[in-house]
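Read from first to last, the chains carry the letters A, B, C and D; within each, the first residue is number 1.
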């Protein structure tokens, strides 16, 4: 009996956790509206909902990061109060956060040891932590070097560290907030195996994902949130993808994109055996050659951290090329500064939109002229011309359907989707010859995603050459004419979208090179 | 404690440069003055054991001798390193009806020259300075300065006689002004006594860097110095080291012996008493300014204090130097 | 001029002075380093040093007990650090400006206390130089280890607070890199959200480091007033607290780096004093400038990467990200 | 809607009142200290307020003090807007003052006064800018932390000034008199910045306050403008500069870029802005204002150069406080410099009136600064509440 109550790690099980009538209000947003939710030992319970539905908020309340305005939490039937993560950790609750909670400047082992009592206080006992990490790595197939600094790890590896952190603490109840977003299909399978094992051992698991097939594949029950309210809780075995999608959005949805045929034109962007290295001299791009033509969308697929970001940045003039050459409309532009690349007709939607693409404190109007404020008609001499800037902002807000109280509103008060629309508007308004769009719909809701996709397709029809970098394979498939797969800074293959399969792409994403002949004739 | 020699009776008349007049003698204890209100503005604190304390102590002495606050009312503003603030204070005191307003810092001059014309009934005093502003048509400014090189010379003579190692250390603040005068006089005195003597001079570049001054003293000692001197408020740091290392110290400006009675063996004391008293009297006689005062050994504005512990022949040599300077036999060459 | 002085004696002199001069910088900068590693910039070190110097001196002067004096300095410093922590952690005030406020307060308050309680510069017997004499071990010998040529002369003629300052460096290194506390400090300064999510109390860590930093700054002040100079004078730190903050940047937030910076600055200062003492033909102002110039020049060498704590000066509030 | 608008205004007003409440809080602690020192706090504070604001000389002192504070503060605003922390205004001011002195002495007799004044103002700004550009460059290109380098540059400026003032630039009269006081000769009168009273005379103002029958505060105000006080036209320069900086930062492309670089260097780089270049530029501009402050202090007030620290007078630090109190806004720096100038002047006045040690004023100002920054949390909290209650339309989905 007593033995039955313990997990393999020796922690007591959490037989049941129940959240009742949880209300969480943010200024202007009701993030959780009387939410009831529960999970039992041995169960994997999915939480599903659109961006902003309130999933993370609910879990942060459970983990003690937010305090609810109303409602209660019961553990094994007993009401408990969680004031801080320290409390929840004490109760045996663990959480893998949507945004990594890792300290870059520390090693993996140090990140794991953080906040834990050491066996020989006050001294750190990193040796013991390292040994345990190695054990866990082996048992669960999570390869990671305990002595590596987090800053050196690829995103997928960082995700593993997050999982190890939770496993190390032996959380009886583990919350996983979108853990699969940065993993390869293979890694997802491995993770699922671990999670199933944990459930079998008696852990209670809460799993958040936007990917319906993952939910169907892994979980026992699923709860759908919309606008902070629970729409319903179902046994996973009894629902279909379509049911879930309808519950999420509140109407039937069409996920297909129509990509009309288009005749490609002249080569607008050409990379000829481009190589680049990072600060430590290690190559991040190796011999990358590609072409993008007018009226063409070339998709770049790959697991995060395989050189996609550097590819975008070398083209934008933000990352130095050590070997090879880059041409824009036939003119060599290798290692030109960003300002000249912009001048030459390049537009760039960076993947970290808040970090690289916009200024939170600047107004909507100011953000819309970020590159072009020095040009007519936005300025005369050194003076900004506010009449034209305002007129431009009005036009963009209208044309691109940007929801904002006014053009004077600071950007930080806009939602993520609208910020992304603003960036797209700005880049397209520049009438670029070549567009690099990196993760253009990451974290953006279905409506905005649809809008952005349609804009990209329309620009394609008007002759724009687009390099679309995305970790969302569905997006790549929906929009691209040709697909380039990157792995370890190299191109694994270039294939025609209409003549490839997910399996083929998946293999290349995992590092399998398509044979060289096909590389040559991929056009 | 050092034997504090009573200030010698002030001497009358000295062949002074044109327009420079000597302080009038002070008679006995009870001062014969009308009630007066005096204000003073100083760059450092009244307790700096140096420049500001020297004059503030003199003011307090006058107040006491004259019968207390009812006769001599004193208002002061210290730490007025900032000239703008000092100028505001000077104007304010004048506007408040103080009879004598003292600007105890060279840097206050240009402000003073702007303020003085607006208060024709107030006397102002400016030191250290030689310019009473008569060239600019001003008649209500006294100027005063200390001939620091005189006592410096005497201290130099004393140091040379005391030193066995033949090395003397000097801890200066910034190589300029009153400090430089004193140090140049000191070097001249030491060299005149013993041409072979080494006088190592170092400056800390600041008036208040006590820690660096202390280390400068240490360095001098390590370089073989067995007598030290220095100037400005920073020297309290150096005196601490001298005390620790038991090296005699020669002071200037204020009496620093309370800090290290056994170590501070001689002091050139700036005694502003007579100068101030003379200003007060002139003011009350209706002469509001125009006189430039100098503290000299001869007029008793500079007095030398010697500690009992000093060897007799050293004191004798020092006193001889004093006499020489007073009589004019010794002239001090400074750069 | 001083021909009799051997080069060796000069080197010994410079090294000896350098160690003394570095002492207050080390206390203050190591303390400040802890605060900054946890994400709090305390620009008020100078003010805390002055209050420490005053309280250390005053208590020693009144009781004649140096340890009580040291304790007073540490306590007053810790209290001021606590005030800084309250203002910058709990009230989330802009750290740069609150530090300046603390500095002005410390400068004013220490002088005011000096005026009202002491009134004039006084001296005390400070911590004595230890000479490590064999007689103190009960041995029948007059020999003192401080007489050992060169090494003894440089290293074994200091008082306990000087040794304390240097002992602090490895201790700080150990605490920062080898203890759970140190790990929390490093994490909180780099990514407070992450530390918080693992149950580390960001506020507590910062309170402790800033208070500890204040305590060490207080001791730094005492190292002037009751160990190196043995007096208290108004504004006697004369900008050393600000130099200490700069040394933290110089030292790239690492104890050894801070030590290197403090030693470089102090040794060059000691050197320039010797340059003047030896009567080399360099204007005194130029000599005084040397340490500052050299510090800048050293920093311009690209051999170092700044490891500024990512959360430095950023107040933490849970739920913000 | 009506009530919302009202609440909005009320909260805005609270924002403005908050610093004043904080000042009062600090003064209450000061009152306790005053009582402990056996002084009447009411007398003291009355002296403080009347000393700074009640009569023409107090007002003049406050404004004279506010002038360099404002100029230095403007420079700090520019630097901080670009995310550069300029702690070196002290040194930049000193080199500005030195070059001004040198040029005024060299050219003062040869050229008309106003020409020399303009040359000096430009040169002072220029050298201040160069002095600041050095740490700016070291930061932008070599990653040298500017807090460190500007502190060091201050010391270097001070020592260079001493070197020049006791040698090459010393007043020849000092050498003659053998006193060797390290200050320059007085600058030619023609190079004095006109005082307000001079301007009033040129403009032919009708007469003295008495002639006009003015009494009370209006008499003082009128006196401030036309009667001889220390108030000089440097104040006008500073105010014009504040407006120019405002226009510069918010109405020009360069200002846009400086702010962009300060807010988000990464996004600025993406937008093609030369981030290191603008870092150096903003530092140089920041130093130029400190240098200008130096020039104005020399030409308007001191008319000669003397001990560098007595000229810079802690403006490097108080300028930072002024800039931050003004919410890093050039126009906010105007009232902020007046408030701070008034506190400094009033504090001195209080010291004289009740004869407390000057250092009490320093301690009090420290408390004021601490209280005011600490109080900002409430206005920040309200601001975030305000922003997020503004309605944001839902996204279409």
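The rule is simple: a residue touches a chain if its C-beta (ideal position, glycine included) is under 8 Å from a C-beta of that chain, and two chains touch if they have at least 3 such contacts.
In this text the structure is predicted, and so the values were computed from the model without any measurement.
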Contact-richer chain pair (by C-beta pairs counted) among C-D and B-D: C-D
Inter-chain centre distance, chain C versus chain D - centres from mean C-alpha coordinates, in Å: 31
Chain B-chain D separation of Cα centroids, rounded to whole Å: 36
Distance from chain C to chain A - Cα centre to Cα centre, in angstrom: 46
Mean-CA-position distance for chain B and chain A (Å): 76
For chain C, residues contacting two or more additional chains: 111, 115, 234, 283, 285, 288-289
Junction residues of chain D, two or more chains touched: 159, 162, 166, 357, 359
Set of all touching chain pairs, with the criterion as stated earlier: A-C, A-D, B-C, B-D, C-D
Residue numbers on chain D that touch chain A, as the complex places them: 251-254, 256-257, 259-260, 263-264, 266-267, 269-274, 384-385, 387-397
In the complex, chain D residues that touch chain B: 51, 57, 61, 64-65, 158-159, 162, 165-166, 170, 173, 177-183, 186, 228, 230, 297, 301-304, 306-307, 309-311, 313-314, 344-345, 348-349, 351-352, 355, 357-359
Residues on chain A engaged by chain C in the complex (per definition of touch): 60, 63, 65-66, 84-86, 89-90, 95, 97, 99-106, 110-111, 113-118, 121-124, 165
Chain C residues touching chain B - in the complex, by the definition given at the top: 1-2, 4-5, 9-10, 12-13, 16-17, 20-21, 24, 111, 114-115, 119-123, 126, 129, 224, 228-231, 233-238, 240, 269-270, 273-274, 276-279, 283-285, 287-289
Interfacial residue positions of chain A with respect to chain D in the complex: 26-29, 50, 249, 316, 318, 337-343, 348, 350, 355-362, 366, 370-371, 373-374, 379, 382-384, 386, 401, 403-405, 409-410, 413-415, 417-418, 445-448
